[in-house]
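In what follows, subunit A forms one complex with subunit B and a second complex with subunit C.
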Partner chain A sequence: MAKTLADARANVRHGGERPVTRKRVPWGAWALRINALLTYIFLYAPIVILVLFSFNAAKFGTRWTGWTSQWYRDLWQSEKLQAAAWTSIKVASISTLIATAIGTLAALALSKTRWRGRRAFDSAMYLPVIIPDIVLAVALLGFFTLSFRGLQSWLGLNLQLGLSTVIIAHVAFNISYVTVVVRASLANFDQRLEEAAADLGAAPWQIFWRIKLPLILPGILGGALLAFTLSLDDFVVTFFARGPGVNTLTTEVYGRIKRYVSPEINAISTVMLVLSMVLVVLSLFMQRRQSSRTV
Partner chain B sequence: MLRSRQEQRRAWWQASPAAIWLGLFFLAPLALIVLYSLQSRANDGTVLWTWTWANYAQLMRDSAFWRTLWLSIWIAVVVTAITLVISYPLAYFIATRPRRWRIVLLFGIMIPFWTNFLVRIYAWKVLLGNAGVINQLLEGLGMQPLNLINSRLAVILALIYGELPYMVLPLYAALERFDHTQMEAAYDLGANHWRAFRRVMLPQTMAGITAGAILVFIPTVGTFAVSDILGGTEGFMIGNLLDLHFRTTPNWPYGSAISMIFMLMLLGAIWLYFRVTKEVPDGENPG
Partner chain C sequence: MNPHGPAANPVWAVELNHVTKTFHGTAAVCDVNLRIADGEFFSLLGPSGCGKTTLLRMIAGFEAPSDGSIIIGGTSVGDMPPHRRDVNTVFQSYALFPHLSVRENVAFGLQMKGVPKAEIATRVQAALELVQLPGFGDRKPRQLSGGQQQRVALARAVINRPKVLLLDEPLAALDLKLRKEMQIELKMLQERLGITFIFVTHDQEEALSLSDRIAVMNHGSVLQVGPPAEIYERPLTQFVADFIGECNFLPGRVTAISDGIAEVETSSALRISGTAPQPVAPGDQVMIAIRPEKVRLIEGERPSISNAFPVQIERVAYIGSDTRIIVRLPDGSSFDVWESNTISTLDPAAYYAAGDKAWLTWTPQNALVLTE
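Entry: the complex of A and B
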């Protein structure tokens, strides 16, 4: 509702469907078009070439020798890659669930204006956006190593870097992103609905589950989707926080990318590309359905 | 009174899981880096718990470190500047299209942004490699092959490629909100293009520029994977130095001291940026 109002206002301001640029600078409009065209070519040429060469028959180098789908068949049979893909999905799903729950609660807390510690909490939530991931990655490596050694000597617990440390690390950088997205949808939430429900005798838990949650659900899903993609996309933090033998798709692919260029890697990349596009289309579809319901 | 205390308690309860998780797995590790940086390295590569300033003293004299830090900042500034120069007109172009086109054009920016970033880096390796697509083309045209990979150029290109959407999206948000009829008003009042842009459009889209610049600068200056895959020795950046001291030849105390200086420099740069950009509109001479 608020979004449609904002869109309507934007339409009025921009003169409806009519673009507002006037022919003030004779070459200006052309310069803008050429800049846009070149940028889109710059964005897409590498991807197109990558996909094209995943069908190249030559095993080495980038000389074109003919079409083949052999590299995809090889992929299908590579157990290592499939295991890595499963690990990625597992890590992303679990860390998304945890981060979404924690991040949503944090957003709810931040939507209340006056409580002690709010400012400190708010600025701490922005740290993961400001601190580069390599710094977090080495810090987590140091932290896990030291605390596991401590737990070993004090309590006799034998903990190791492994899959769980990767999941913990992913949750740590994902909470903030979930909170940012959920906060945005909470900002659009009409407080009066809550008051009206309370006046009509609803209990706080009823207000939350029956009124607030359904209305901010698209925001929560958006946050979860962002967390899921960030987790799938992450390489640096995983690389440092993982235990020996733990490989997600990114760490597995990294080892190969670093060493050589081969059509197999092109094929893996193409599959990853298609998968992320499916995710994007899915999220857009969900948003579209949501907005058509609220309008 | 009772209600507000109840509210307070509920807010704490809701904030506590995030506070605990971030405290334990974000702030504590960062704090540990401070402690590590004051220790020394044992002969077997582990950490020796003896309090010392030696790492910082050594860092001050370590010209390789300063060169690496300087190179990282230089690359990040170049990448941020180039993405800004490309993205501002692009975002303006998108924001002034009819509504239906805006969605298509934005979607076009988002697709590469959603593909895995290792895939994006790898695409540049395919293009720039010694036997890569560009060199094959040059050879086909009868020209000498170029040494493109393992260079600063390769790192800068791939970083611009990867970070461009982070610049375009906030700029688009700012330019879409901007009331473009104000430019007409400025022209009617006799301003030329440059003046109207500088006095009307630029100040009102400054928030977008700031957001974009920070979103691009931070991952760029701290990059590890891009320079690791495409940079070679020429593009060795601070992220690679951290990797070296934490993984390849472990010297965690020294690596921690590097992290500390790097983080302080970054926070300082952000602080400086906010100070400088805040003063641009005010400090401008009228007339």
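Entry: the complex of A and C
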């Protein structure tokens, strides 16, 4: 850390001297540039350190003792971790599928008609995006507990928190994200194309399959990838909604943190980081593709 | 009105009865009544925002009339959805499908009708040749220029051979030469297939040369309907006279009428005799409309005809086929005169020059006495 910070200071000092030598650049512009640089350092330094230390040979402490890929090999061999990874992928896949279907339909419904109160619905869609995870998690836990009790007294069903509650919880927050992304891609969709298709004799369902769906598909896939990423990354909601013995990668990592952060944890985190970044880049790429297509 | 002769009991291709469309209280189309014959080339002409597109959209079924009824091929289309109407549209905005190739765009209508694949392929090829884009089938719309996109839109509509084709400024994005070629292609196509065209254009020359009949619109209303010559030679209102072609206007008051010729005294005491397409009575406030190519300039002695006024040449513009001259009348108002250059000469004496004096004359049948 010291190394990086020292670098940063050096950079700042270096940058700070320039206005004296190059008089044309106003000091305000330099202040902004320095600010941007500091922001990036602030954002990325911890991540860079995490990645570095996942290759640190020292088992304990924060001292650098040399390079190793030992921790990654350990990961590969740990059955518990593999089980957690598998659970993560299962939860992410199933919740993404369900949330994408529901979210896309919701976006279509919201974009199509101009019924009263649509704006209120529109804004309400953003709620899960903006409320704190912990609030959502507690609310979902309360919801599960209440409905389980209700179902038990009325139907005699004995339901417990478990994997399915995690999936349901993930569906709950992912619907919002998918809807928001698909709404954006529908906003780019030119309504006149629907008219042109109808004019050429296409019935509403043909218009949907032949024209509308292909054109908003990149948006839907983008939304799905985002949902998948968010699901993989989620800790708080999973932690509350899971039953005993259910562990995703995030809860597994949390369970392993005792008094210090072990290099293994750094290694898992690095793997998750890379995976998420790839997925987010893919998601953005899909969304960008649509806008370049429609113009 | 039917170009193929009157039928005993004609079924009109399109019939509009008292069609009105209001958006948020303002009328975009106002009480329009039109009967368009089978196989007719019918043009809608009017300034921007006068309701042409709105009228087409109601015929195509994208907007429901606020009032009135639309009958296509004898069937009232009240709330028939667009895809059931045997009408195709060439959209002002092209509206090509961006994810489909040119070929797939053009084939779309036939695919929806379930035409066999082999037939689709040959007809698509023919349609692309028609619009002079035979090698462009595999391109995506975004890889085409505006004019090329417009021609794809045209091919995509025409290929379906609908009863009625609605064309919303289909040639607006083309350069002059291509535009002329496409005008001829369109006209031939329309005659060969017997499709009824309802054609919106801003280009009067295009409307005059292609149409069987023209409807001139303003502020959502149809002001006059008739064959091109009638619209040009016998405009009923000042707006139509002004909108189609060029026109000089002189306000005045009717003083006498004899043998269908109205005597009018202008506000500056010029006495003009002209023809009134609609009945006028002495004392009426009128507008005299005179086309610039329908007057003559004569040098020398005062000619012995009723409409002759001494003028001074103000400005002369030689434009090849014509010379356009602005003259000043005795009352100080200016007047446009177009003289055909019927003789090829470089002699400057053959042309008028600014400052020359002459007599401006016209025969009474070339001066229209309009009531509005």
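Some notes on this structure:
Simple rule for what comes next: the second predicted complex is superposed on the first by the 244 of 295 C-alpha atoms of A that agree within 3 Å, B and C clash if a C-alpha of one lies under 4 Å from a C-alpha of the other, contacts with A are read in each partner's own complex, and residues count from 1 in each chain.
Assume contacts are C-beta pairs under 8 Å (C-beta built on N, C-alpha and C of every residue); 3 or more make two chains touch, one makes a residue touch a chain.
These numbers come from a predicted model, not from an experiment.
Partners subunit B and subunit C, brought together by superposition on subunit A, fit side by side with no clash.
Of the two partner chains placed around the shared chain by superposition, subunit B is the only one that A:142 touches, whereas subunit C remains out of contact.
Once the two complexes are overlaid on the shared chain, A:46 sits against subunit B while remaining clear of subunit C.
Which of subunit B and subunit C touches more residues of subunit A is settled by the count: it is B. With both structures placed on the common chain, the touch criterion links A:115 to subunit B but leaves subunit C unconnected. After overlaying the two complexes on the shared chain, residue contacts for A:213 are found with neither subunit B nor subunit C.
In the overlay built on the shared chain, the residue A:254 is in contact with subunit B alone; subunit C does not reach it. With both structures placed on the common chain, the touch criterion links A:157 to neither subunit B nor subunit C. After superposing both complexes on chain A, the closest C-alpha pair between subunit B and subunit C lies 8 Å apart. With the contact threshold set out at the top, not one residue of subunit A is in contact with subunit B in one structure and with subunit C in the other. Against subunit A, in their complex, subunit C makes its touches with residues 60-62, 81-83, 87-89, 91, 93, 95-99, 108-109, 112-113, 142, 156-157, 160.
Of all residues in subunit B, only 4, 7-8, 10-12, 14-15, 17-19, 21-22, 25-30, 32-33, 36, 86, 89-90, 92-94, 96-100, 105, 107-112, 114-127, 129, 131-133, 136, 161, 164, 176, 179-181, 184, 187, 193, 214, 218-219, 221-225, 228-229, 238-239, 242-243, 246-247, 252, 255-256, 259, 262-263, 266-267, 270 touch subunit A in the complex they form. Listed in rising order, the residues of subunit A touching subunit C in the complex are 190, 192-193, 195-203, 206, 210-211, 214-215, 293-295. Here subunit A touches subunit B in the complex through residues 10-11, 13-14, 17-22, 24-25, 28, 31-33, 35-36, 39-40, 42-47, 49-50, 53, 61-63, 101-103, 105-106, 108-110, 112, 114-118, 121, 124-125, 127-136, 138-143, 146, 168-169, 171-173, 175-176, 179, 229, 232-233, 235-236, 240, 249-250, 253-254, 257-258, 261, 265-266, 269, 272-273, 276-277, 279-280, 284, going by the rule given at the top.
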